[in-house]
Amino acid sequence: MTTQTKPRVAFFDFACCEGCQLEVLSLEEQLLDMVELVDIVTWREAMSEKSDDYDIAFCEGSITREADIERIKHIRETADILVSLGACATIGCHNALKNQFSMDEVLYIVYGDRAEWFDTIPARPISAVVPVDYQVNGCPASLPEFLTVFKHILMGKEYKPPNQPVCVECKLKDNLCVYDKGLLCLGPVTRCGCDAICTSYGHTCFGCRGLVDEPNLNAAQDVLAKYGLSVEEIVGKFRVYNNWPELSLEESQSDG
Amino acid sequence: MSICVIEHDELCALVERLIRQWPVMGPRQRKQQPGFYYFDWLRSADELVWDYVTTTLPPKKAFFPPREPFLEFSRPDPAKVRPITDQGPFVLLGVHPCDLAAIEQLDIAYSDNAADGRYLANRARTTAIIGVDCWPDEYCFCTSVGTEQARGPADLFLTPIGRGYLVEVRTPRGQKLLGDTAQLLATDEDEADAAYFRSEKQRRITAQLETTVEQFADILAEGGLTEVWQKVADRCYSCGSCNLVCPTCFCFDINDDINLDLTTGTRIRTWDSCQLPDFALVAGGYNFRRERWERVRHRWHRKFLYLYTQYGQPFCTGCGRCSRACTADINLVEVSNDLIAYAQREKRNV
Amino acid sequence: MADRLNINIEHLTRVEGHGNIVVNIAEGRLEEARFEIVEAPRFFEAILRGRDYEEVVHIAARVCGICSISHSCAALKATEAAFGVELSEQTLLLRRLAYNGEIIGSHVLHVYFLAAPDFFELPSIFPMIDIDKDAVLRAMRLKKLAYDLCKAVVGRHTHPVAMTVGGFSFVQDERELAQIRTRLLDAIEDTKETVRLFKELTVPQFERETEYVSLKHPDRYALYDGEIYSSEGETVEADQYQEVIEEYVVRHSTAKHARWHRPEYMVGALARINNNFEQLHPLAKEAAAELGLTAPCFNPFMNTIAQIVEIAHCVEDSMALIDAILQRGVQEEPLQVTPQAGRGVGAIEAPRGILFHDYEYNEAGKCVSANLVIPTAQNLANLDADMRQMVPQIATQTKDQITRQLEMLVRAYDPCISCATHRLTVKLS
Amino acid sequence: MSESDPQLSASANVETYQPTIAHITRADELTSTEMLLELQLDDGQVLGHAAGQFVQVSVFGVGEAPISVCSSPTQTGSFELCVRAAGNVTNALHRLEVGDWVGIRGPYGHGFPVEEMVRKDILIVAGGIGLPPLRPLINLVLENREQYGRLIIVYGARLPKELLFKDELDSWADRGDVELYVIVEQPDDDWPGPVGVVTVPLRDIDIEPAQTVVAAAVGPPVMYRFVAFELLGKNIAAENIYFSLERRMKCGVGKCGHCQLNNLYVCVDGPVFCYSDLQGLDEAVEAWAPPTAEAGGERQEPGKGHG
């Protein structure tokens, strides 16, 4: 990327709560610093201008409709760098919970006899449709990581999401482990980078940043079973966020 | 050096005085979780808890912080790289024998060879250390590694007795620290009280390694324990908690954090763990300890074999933190005893 | 009226979510004027079934990123009602405080970032940096304050982390709260500046009397709790919402609309102020007077102004709440929750209006059924009615002018579409 | 009362991790992935390295990477680094130009036992990026050619265009006193030489085992095993074989723990190790086993997400 002209940045959203964009908007002064470095040319939630000429696209949300597939492909073709922003875009998040049912069934539950008016396909992260260059995990996308990725892009650096579990950050912050309170925590198999925010506030980790590269789900089952949970319930816990790819949980369970 | 007695109120006044003079770190109780403690900077003497069992992180965080920015840089020419040294001296209170032993071990490891100047400078800021004898729980096994009476770098060491604390004044600095604090002469009764406390403490330590540390090192050096390692690895999350809470672990990572101006930033050192999958991963994708069981083995080897051979003492002080912290319930003593039993069994079979 | 006019604004900008404005005038007759929602549906009711109550609360927050504290609180209230959990005084005070934080944050976002550029005829807040940098910095300061207030109480503004069924998972730091108190005091000047800024701006003149629905509380300006109240003069218990609020299908839109006494009603800041004006704090009343907002006010464009008044109210209210909390001292409170079978409704005033979460649990605390009624959905009928009345009045203006005013009208409602699409969507013909 | 511990502070060289600034005086592209940087320390000091030692190079804001010094220890005004673009730091080094600066710490580690090599035949085995750490040794021997016996250099690369220091290779070949074998795995049409991996020419070289000292550095870890196998097969004693190894490294001074293999630290005990010291160490020799399919030497591409 040349420094003469500022890189052009666009924000897009697919099915999601738009909390990630909102987090970016809440960067305050840092947002002004960002605007010094790049030109934001498209951001529907924040501005009326639109441009189909951009270098870097931040995309939040899951792909849940046929039309989304076309749209994300177009964005991919236009942008040099595509960043998936937040859990919906990186791992499917709650959107993909519906994938456990048939699409007809979920449509019927929510829309009843009007179901046929709607187009919905199993929800998937952006990387399941087009290649993604950078990802920011979290629900909402973690701001420190967003800034790190932003700086990596501008410096032409690769960014590898940390392949360490949340426990690491939890320990670095000298938190009390929530297991010591008799609560369950998905931290040991969840990719860190959130600065262990939930556990730092005494809550459990729900796994919003996705699983680490090689989670020991075997150990997870063992430990969770100690809390009297059945295998389905354990899988259910993982599935609050981790639903894509469909079979990854079962597969990794069987190879332990 | 000398021994005296100090009463509760006097001790409290001493702590207040120290807090006025220096930043003071000591054990505190967790807000929402009674019975759980952590080391933190104290605002007043009543936050300090002397009779605690253990803390989540060891007191090394006072001079070896989990995340320590140590260099400031500015990229454009003329280049500027400046060490970050804006901290002053501090005092560390309420350190148990196992943690005193651990500080001593870190001092040795970090002074060895090319000394780690950063660490030593931080340790040099440690104005004083006051140790205190402890209240063990079922995870403690210091008697197996010989640290139950360690005093290490303590300037003062306190043992609880009926009328307060028996104070071992171990350094001239400790003497100065007491200053005009009222000190009573230790009577025979005080000494007997302290001896009783010690024996009572020993009695309460039930976890135990089934061999001496020498023999354990031999067993590990002998090898052939893969089966046990793999069994442990089956349950291990590789989350690194065991290393990160260990008072003697000292591995770290170094990373740069650049500011949004893309020209200035800091270089940061962060505690690391050899159990994390990417610890020995190099560019090109080679991972020199790729298998989980290899990492598990490395942890034991490093503590009880390599560093033991290098420095003549195991780098484990029996504090039990790793076993308490393990979310998969892997217990260092149990696994060690499994290894010992397995090795003995194998030997018999040969 | 123009003979022929077709306005089709796709993916309206500076609103939360995806929506289109469609207006058709043919042969001098208004054929269509409606706001369509084209956001992808997210099926919350379907995915909540069978979930553990803690997960329900966690997932429910994700209905919307702007008002996740509202959704969390509504879900918590519904769950607590189902389980018969009594909340401590401290928990209530703290929740109300976090709640104020969200209202301030959301309103500042809307007033400055989404609506203000219209008044300055700018495409976004970014070019305002060159025109009125103070205003931009003020907006950021206020938002940061709201953000930090939420952080101090619930850990995070977007998708709070520290609220659990029955209370909080951590003990708030009193010193942090005291610092926020100081910053709130300083923020009074910023709210006054905000009032001064908007006083100078011209709000489009348009009036249409309608029904205003909000919560009402005997002791205070209702935000976190109260009964359902209609400006037609009826009050009902929150858990009776289904008895009175009728969701219905209309021909021209596939989104469900809602009615009570009239074919449409309005919720949100203007409805709250119309219904509860007297309970506003003095600073807010002062702001209202200066901005020329008196209750009842029938101009929907004034909703943005009503939000400014509520910012002032919440700033003052937060200070009072922090005082009350600090006076009591933040106590450690054990959490005790035993799930039981039952149904519970949580009604709350989200920034955009009254919000209902309604859950049924089995005895294991697993969700059996869920229903969410979202403020933006309740406003849709009213918004369409406004458009139908307004378009003929401005039909002689240029298409650009009409478009701009329609956009402003929709934005004035501060629609939150990702909320609405937990179930609504529109089939584009 | 003293505010700090005199004992501890006496030994405290506060900034073990503070680099010295060095400016780039030459930057040559050797191949599409390797770059040769010539550097001068700003403080005018001589780096003072031994053959086989490495430095920690900083590109601030990106990070630090260990790189072998590849110029002769007798060259004192400046020193050279040969950098393969492998990741963030090395890529950032590639983007630097003459006049830019980097941070340098070191030199660190143990180099080759140059004294022991005197009067011996010297066999150098280099594979790919293994040549740069061996280059100072080669230069040293060439500069004092009369002190040593035969100098045999076996150098292998994947492709002809990946060969490093081509001019030097030519000049070595032109000297009568260097036996040079260059081999590539995948020849192009112009490649006149032999085809295969480094162990191929090794097989056919006649050497006097008792008289020979071997210095080897061979890129990918799996190659070490094959080279060791060949050398032992030629009856060279393990005590006379020296390998330069690579591991992950952060501190360079035996503290950070990353480069540990069994009880050895690559940064202080190596990077040059005597093979006899490595034998029996499962984290050295065993780790050289070719990665099997399911052990998957391959990792995910960075930034591409998982799943």
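So that you can tell them apart, the chains are marked A, B, C and D in the order they are listed, and the count of residues begins at 1 in each.
Keep in mind that, in the parts below, a contact is a pair of C-beta atoms (placed from the backbone, for glycine too) under 8 Å apart; a residue touches a chain by one contact, two chains touch by 3 or more.
From a predicted model like this one, the values you see are computed outputs, not experimental measurements.
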Q: Find the most central chain, measuring centrality by the gap between its CA centroid and the centroid of all protein CA atoms shown.
A: A
Q. In terms of C-beta pairs in contact, which of A-B and B-D ranks higher?
A. B-D
Q: With chain centres taken as the means of their Cα atoms, state the distance from chain C to chain D in Å.
A: 64
(Q) Just the number, please: Cα centre separation of chain B and chain D in whole Å. (A) 37
Q.
From the mean C-alpha coordinate of chain A to that of chain D, what's the distance rounded to whole Å?
A. 41
Q) Hey, what residues on chain B touch two or more of the other chains? A) 32, 258, 262
Q. Residues of chain C that touch two or more other chains: which are they?
A. 170
Q) Of all the residues in chain A, which ones touch at least 2 other chains? A) 155, 202, 213
(Q) So which chains actually touch one another? I want all the pairs, not just one. (A) A-B, A-C, A-D, B-C, B-D
Q) Which of the residues in chain B come into contact with chain D in the complex? A) 70-71, 73, 75, 77, 79, 81, 83, 85, 88-89, 107, 109-121, 123-127, 173, 176-177, 223, 250-256, 258, 262-263, 265, 267, 269, 272, 274, 279-291, 294, 298, 301-302, 305-306, 309-310
**Q.** Residue ranges of chain D touching chain B (in the complex, touch as defined)
**A.** 1-5, 8-9, 11-19, 21, 60-64, 86-87, 90, 99, 101, 103, 108, 220-221, 246-248, 250-251, 253-258, 260-263, 268, 282-283, 287, 291, 295, 297-299
Q: In the complex, go through chain A and note every residue touching chain C.
A: 14-23, 25-26, 28-29, 31-32, 35, 40, 43-50, 61, 64-65, 68, 93-95, 97-98, 101, 105-106, 109-111, 114, 117-118, 120, 139-140, 197-198, 200-203, 206, 233, 236-237, 240
**Q.** chain C residues touching chain B - in the complex, by the definition given at the top
**A.** 170-171, 332
Q | In the complex with chain D, residue positions of chain A that touch it | A | 84, 90-91, 125, 127, 131-135, 155-161, 210-211, 213, 244-245, 248
